[in-house]
Amino acid sequence: MPFLLNCTWILPTLIALSLMFVPKQKVGVIRGMSVAGVLGILALVVSLIIAFLAGDYASPVGSAETTLAFSYRTPWFEAIGNQFYTGVDGFSLLMMLMASIIALCGVLVSWTITDRCKEFFILLFILLAGTFGCFISFDLLTFFLFNEITLIPTYLLIAIFGSGKKEFAAMKLNLMLFGGSALIILGMAGTYSATGSFDMIAIANNQSETLGSIAMWAFPALFMGFGILGSVFPFHTWSPVGHASAPTAISMFLAGVHMKLGGYGCLRAAIYLMPEGAQEWMPLFMVLATISVVYGAFIAIRQRDLKYINAYASISHVGLVTFGFATLTAVGLKGGVLQMISHGFVTAVVFALIGCIYGRTHTRNIDEMGGLMKKIPFLSVCFVLAGFAVVGMPGTSSFVAELTIFIAGFSGSLDDTLRLVCGALCISSIVITAVYVLRTVNSVVHGPLVDNGHEFTDARFIEKVPLIILLTCIFAMGLFPGWIIELAEQSLTPVVTNLGR
Amino acid sequence: MTLPTALWTDIALGSLACIILLSESLLGPRLRKAIVFHGAWIGLVLIGILTVCTAPESEQAIGNYLIRPWTIPFRLCFCIAGALSVLLSRNLLSGTGHTHRRGLLVSGGVHIFLIICSTLGMFVVTGAQDLITFLVGIELATIPLYVQAAMLRDDFSSEASAKYLIIGSLSTAFTVFGISYLYGAGNSVHFDTLAQTLTADKHFAWVGVIFVLAGIGFKLSAAPFHMWAPDIYDGAPPPVTAYIASSSKAAGLAGLILLVYGPFQQLGADLENIFMFLAIISMTIGNLGALRQKRFNRFMAWSSVAQIGFVLMALTGGDLAIPSIAFYLLVYIIGNFIAFFVVNCLASNRPETFSNMRGLSKQSPLLALCLLISMFSLAGIPPLGGFFGKFELFLAAAQPGHEHFYLILFAAINAVVSLYYYMIVVKDIYITEPTHADNSTCPAIAILPSQRLTLVVLVIAIIVLGVWPAAHSWIFTLAGS
Amino acid sequence: MIESSWMILLLPFISFIGGILFLHKQPKLAAGFSILCNGAAMVMALILAVGFLSSDDTGYHALAHTWSYDWFAITDTLTVSIGALLDPISIMMLVVITVISTLVHTYSIGYMENDASAGRFFPLLSFFVFSMLGLVIAPTLVQMFVFWELVGVSSYMLIGFWYHKPSAVAASKKAFIITRFADAFFLTGIILMATQFGSIGFDAINQGATAFSSMNTANPSFSLEGGAVQVFTALAAQEGSAGFLGLNLLSWATILIFIGGWGKSAMFPLHVWLPDAMEGPTPVSSIIHSATMVVAGIYLTARLFPVFAVAEYTLSVVEFTGAITALFAAIIACTQRDIKRILAFSTLSQLGYMMFSLGVADMEHTAGFTASMFHVFTHAFFKCLLFLSAGLIIHSVHSNDIALMGGLRKKLKGTYFVTLLAVCAIAGVPFLFSGFWSKEEIIMAAWSNGHQCSAIIGLLVGGLTAFYMGRYFFLIFHGEYRGDAHHLEHAHENKFMLFPMVLLAIPTIIAGYPMLTGHTFFNTVIPQATLPTHPDHSASWIMPVAIAMAIGGLLVAWLKYGRRAVSFDTPSTNIVYRCISNKFYIDECYIFVTKKIIFRCVAAPMKLCDDYIVDGIIHSSAAIMRGCAAVIRHWQNGQTHVYLGLMIIGLALLAWFGGAL
Amino acid sequence: MNLTACLSLSAILFSFGIFGLMTRRKIIAMLLAIELMLNAALINCVAFAYYAPAGADTDVGSILPIFIVAITSAEMAVALAVIVAMYRKRKVIDIERLEDLHD
């Protein structure tokens, strides 16, 4: 079983390598191989989940030790204490499921790319390999290594295949993400000097006597390092520029999965390893999270470009994830995890829709569009449904997640006024979200038809499939979130017991 | 008395030098080319293999000459750098179809002979047990470079060698002056006795240390002493630039480690502060210098100044410094040579500036891919060797007892800045479209078969170093003992 | 029959899914299918009601938890579940919703005859009915909130049904955002209730509250089980504490929850969306903005009445908003020209009636509660009838403006007669019509419970209602026709539209009588409360005064509008009149607040801050680096002396740095 | 005559060398200045050997200067060769005019 787990990142690497030898002209073969590859990964992840649910891998309550399913451990660069330690628990399985679904939809959406499409898919699969490697590795250095692998393909994909001022956006995005990695390096150097090893679970278990004072400054370094990837307030300026100029599939993957890598890292590497540091620094990060929630929502109101609106919406929703983590309660962490998964799907479907609409009206400015419901009904209905998913209507996945986060905000004793104020502000963000979502939906889909001379037809089959997949995921998670919540809760018990200590 | 096995490499190197000199002067043109060129790089590769095979477990002393286990990786680096430099000078020698833009070397054989002499000098440095041998080794390593820098017949080369000469001899003066003070303070020249007598309270010791560090600072082109690097890298012939950039830096580092863990043992904390000062300045000035660079050779000069900054940072740490520097050097040398090989193929018919390199990915994808890999390895991007190399330097600075976390944060941010200018290179070759003026003038790029083969070997080596831990653990076991 | 209540909920959903997915191309089929489903739901609801009425146990324990499905668990104690809670007021609402929805569906066949997108209309209407039913039978606060949002979504889609009309789209956006604004407070209230009082189930909360309130009164407290114990202890714990800003925790939670109802029932400051919601098709206005959705807020207050009663200030807040809205809306209704807006404001004022009647009641005197529920029951029918008749009138005259109508008595005889009945009912014409009974009950309850000023406002509003309904009636049906003659010829009454109106006329009359038979249909939600005897007629003078106000109002309207011809061409210069007809310029204040303050003074500076400060810092750091790089390149000018000089300075620096330590 | 006197002499000589290096325009003169600095080091070694405390091996003090002289001469030979070659080709001996290689 461990080999199957490692296949999740070996398979995309193999596909990337085999794509290199396919001649450039054979676009059909390239696309066929990529879709087959992504479907293979999805099948792999689903079978892993089934095996996980079948076998009882729930970590016993009260133990700070995460029991890993299908774990595989070999010394790698062991001269500095690094081992290739992979395994998986509920939380990372959910993230892998989300990543594979979004990857599948990403490949389907980028069906229209013709020039240099070989490089496109090679880089996409390297990105996939890095992301899956991250989700399964439990050694801090291996985790950081896979995280860095994902950064270069993102740069090349945006710089070569993007639109608008793509080089500037790609460079800014990459440098800020590497700035984040700089902070992570500092945090890891701190943990290494204190404990001498990179094994997350070992550090988390006996960390009380070893980390001590190091945790006080290593935690903010690690949390902010991954926070930059999760676009926490002061360092969020890369994501609107990056998303706006990225090609559709990449902005889907970047906003849907890559930003969640930040959240995953925050939880796995920062909170799980250094609970005292977490307790110490959380008020600051709660304030930052609330700022990014309210700040992102307000700026989205002022934006005119569809992709910018969704980018700022993502900042606002990912801010909720950080807020969920900042409450440091079982409900809060679970809410953060659910919000990560739900927002992954929501932002992916919105970016896919923006791609389709842009493909037809050749403009992303909402003032130059209107009344698309008449000409492209299928896409418009999906746009309205996606809009309701962003607002957080019951029945969609974001309602389940946001309700859990808001409850975390108010649970426990109410004497912590900071948490109350931040909780109230986050709840008020659902109103601001409604304002900019409805403004966008109304000006794009409803109202009299604005015809700027482009002749376009409704969605082709190849465009409908990803939208349908993502919308069913959103509504399925909204209506039947039972098993997802149970998986998330199980995998978070060690983190919570660690916090309780 | 039987010679310790480790000494064979030094002897082999000396004899190789003599063979090359003799064949250069005595043999006919055809045979001479075969012996001198192929003999040299094959010889150096064999000597490299020999050093690896005859790596001693413990220190083997022959009179005043001591083979230390941790110097073996450094010696390997010297041999590799020498061999690659010889290979790189292929199209500067007579008798090949593709003549280089700047003409031929004055005499190919002498150039190769000097490379081997310089490598021998570096071996002597690593084997030194007292200040005199150390000084002789350093001089034997640097003086041939002055001559090599002047090997081409154009003005740049002669001006470069003149400047290199003057600055080099000034640094020799500093080193010698420093050694005299060290002798004064420690009343002896031998490293072991010096280790006891050189204590922090002796002012002469500090004067000596400062001057010797200044001399070695020149050799490493560390920050305050780096001004010569861009001009000499630009002026000197390409194989010499590559050789200076990689091998002479390695020799300087080997010497520095020898001193820091030899005579300067007791100076402890104050020495760490000096290295912190040097590291911070080198990183900053190296990065800032490389930001706006338009010409490839000067860019490599500034980037090597920045890299030295990172390496010096590791020296402030405890025992992890030696192996991490050794591994980093191995990866750095390979990365450097890949870049120089690619640009050498390019530059044989147009000046090596970034604007000429635009659209390289469409012209010849192999060269573009190799340059991309070398740039990302120098920047420290994961799948390649550079990642672990650079990351271990950060870990070395965080050894228990010697934690310098502000330095690590500063270095990490500098790594991000360095990533920016390595990405500019990648952006030029992959993304920026060549302006009409550029691609109309340059004909197709001709790559010599031998250089194509070395490129492929080096690229595979750098990927394997990044993924396969064998070399990494070998270096660490050697350093550990 | 009680166990199959989930069928009532499921039928409209099936009609929605079936209609949207398969039948949106065939309007006729979609209409037939949805009427079938809604009719079946109505029949089941009626059977349920009859079964419940005939059963003798009218006491508190009549509560029936029929079924519940666990949706998802938030904390180990708090699980969100979907279920059904049947008790008198929820069954009453079930009956009202299903009856009105079936009649409106049949009416829509006629109304939507020549509308291309009718296939989309019927499923959306059924979706609204589904979410309204889900709201009504919700056993927990979270389920009510879930369906509350779905009702908001369906009202957004139905108001903006004609999406090519910019005004309709703007109105739907406005409705959704204002209700969403109120829902934010509602959600905060629910979360406070869930986290601080440990339970979100209505019966647990109500039992805990009643036990707590009866603790300090005479009769003994009865046994508690399940969630109620937690609620009871939490209530006791926070009793004395002067919480945040003087209000204790319970007041905060209940007021926040009430703000949710405030927005949905369009009480005074948040009422601006209801008049604009008239942009939607008239059947939508008839079912959503008259009978069901706007009553959700009142239903919520009724459902949580025991907790509201226990909290100190909440009921007085309820009473105050109800009275203000009643008076405010009645005044505006007198000056409106668009007939649908007149009816919208009349709905607002009747809602105000219901709200303040809830406000005047408390745990001992529950007369106000029963009167309010009774008024909800009666008002639903005659207000729906008024809207349907307005729809028919608009259909035939092709305009909403009352200035272009008049003298339609001859052409629309059936509508004339039915509207007369409805106007008499709403005006409170005595004895024959239901409106009189329920309105009189409310005023009586207010007076007998000691809330004199509310009672007086009630009487005043009764008179105003009579006046503006009389004005509405006479201006449309009496006098000469002021509109375009061409429309008058072929103004006809479509049989599909007339038939439901006639059916509705029956309950308009007989709906008042259950009260007379003394059957306490509505009071059983109050657990173990003293059975309210018929409200004591201490203030016997109220009945005649109410009758006088009603008749007087109608008479004044007849004198002003009925007898002589009225010209609308010269807008009256009277300042007060113009201010009232412009709805006291509240819409303009809202636009000012959102456009000027929120968009310009908050969002814009944030965007500037993001572009220039946060981004600025990052770009400026890059610029600084470029500057330093230029400096370094400047010193690299090829002069060897410069290099040597720097080496020596470097040596000096090293010496100072090393030596100084 | 004591140790400090000798050391101060060599220090003065060293600073002369540096001053000469910085002010001279001709390359040969600069090499001369460097020669001065190297000789200063010689004086140092001999002084330390002479005034070394008892027991220290003073003979090293004389071997070290010999090596230093050897190295200096090697360096100067190479330097002069290079400079003569450059002069023959570029007819320039002035260091200020050697500034083709600049940024």
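Residue numbering begins at 1 within each chain, and the chains themselves are lettered A, B, C and D in the order written.
Simple rule for what comes next: a residue touches a chain if its C-beta (ideal position, glycine included) is under 8 Å from a C-beta of that chain, and two chains touch if they have at least 3 such contacts.
The structure displayed is predicted, hence computed values, not measured ones.
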item	value
If a chain touches chain B and chain D alike, it appears here	C
Farthest chain relative to chain A (centres taken as mean CA coordinates)	D
Selected pair, greater C-beta contact count between B-C and A-C	A-C
Distance from the mean Cα position of chain D to that of chain A, given in whole angstrom	65
Distance from the mean Cα position of chain C to that of chain A, given in whole angstrom	38
CA centroid of chain B to CA centroid of chain C, Å	78
Centre distance in Å when chain C and chain D are each reduced to the mean of their C-alpha atoms	97
Chain B residues counted as touching two or more neighbouring chains	163, 166, 170, 230-231
Of all residues in chain D, the ones touching two or more other chains	21, 95, 98, 100-103
Contact graph of the chains (line, ring, star, complete, other)	other
Partner chain B, residues of chain D touching it in the complex	7, 10, 14, 17, 21, 27, 30-31, 34, 37-38, 40-42, 44-45, 47-48, 52-53, 56-57, 60-61, 63-64, 67-68, 71-72, 74-76, 78-79, 81-83, 85-86, 89-90, 95, 98, 100-103
Chain C - residues contacting chain A, complex	70-75, 78, 80, 142, 145-147, 149-150, 153, 156, 160, 163-164, 166, 169-170, 173, 176-177, 180-181, 183-184, 187-188, 191-192, 194-196, 249, 598-599, 602-604, 606-607, 610, 614-615, 618
Chain B-touching residues of chain C, taken from the complex the two chains share	625-626, 628-630, 632-633, 635-636, 638, 640, 642-644, 646-647, 649-651, 653-655, 657-659, 661
Chain B residues within the chain D interface of the complex	131-132, 135-136, 139, 143, 146-147, 150, 153, 155-156, 158-163, 165-166, 169-170, 172-173, 176-177, 179-181, 183-184, 187-189, 230-232, 234-235, 298
Chain B partner contacts - residues on chain A that touch it in the complex	75-80, 141, 145-146, 148-149, 151-152, 155-156, 159-160, 167, 171, 174-175, 178-179, 181-183, 185-186, 189-190, 192-194, 196, 217, 221
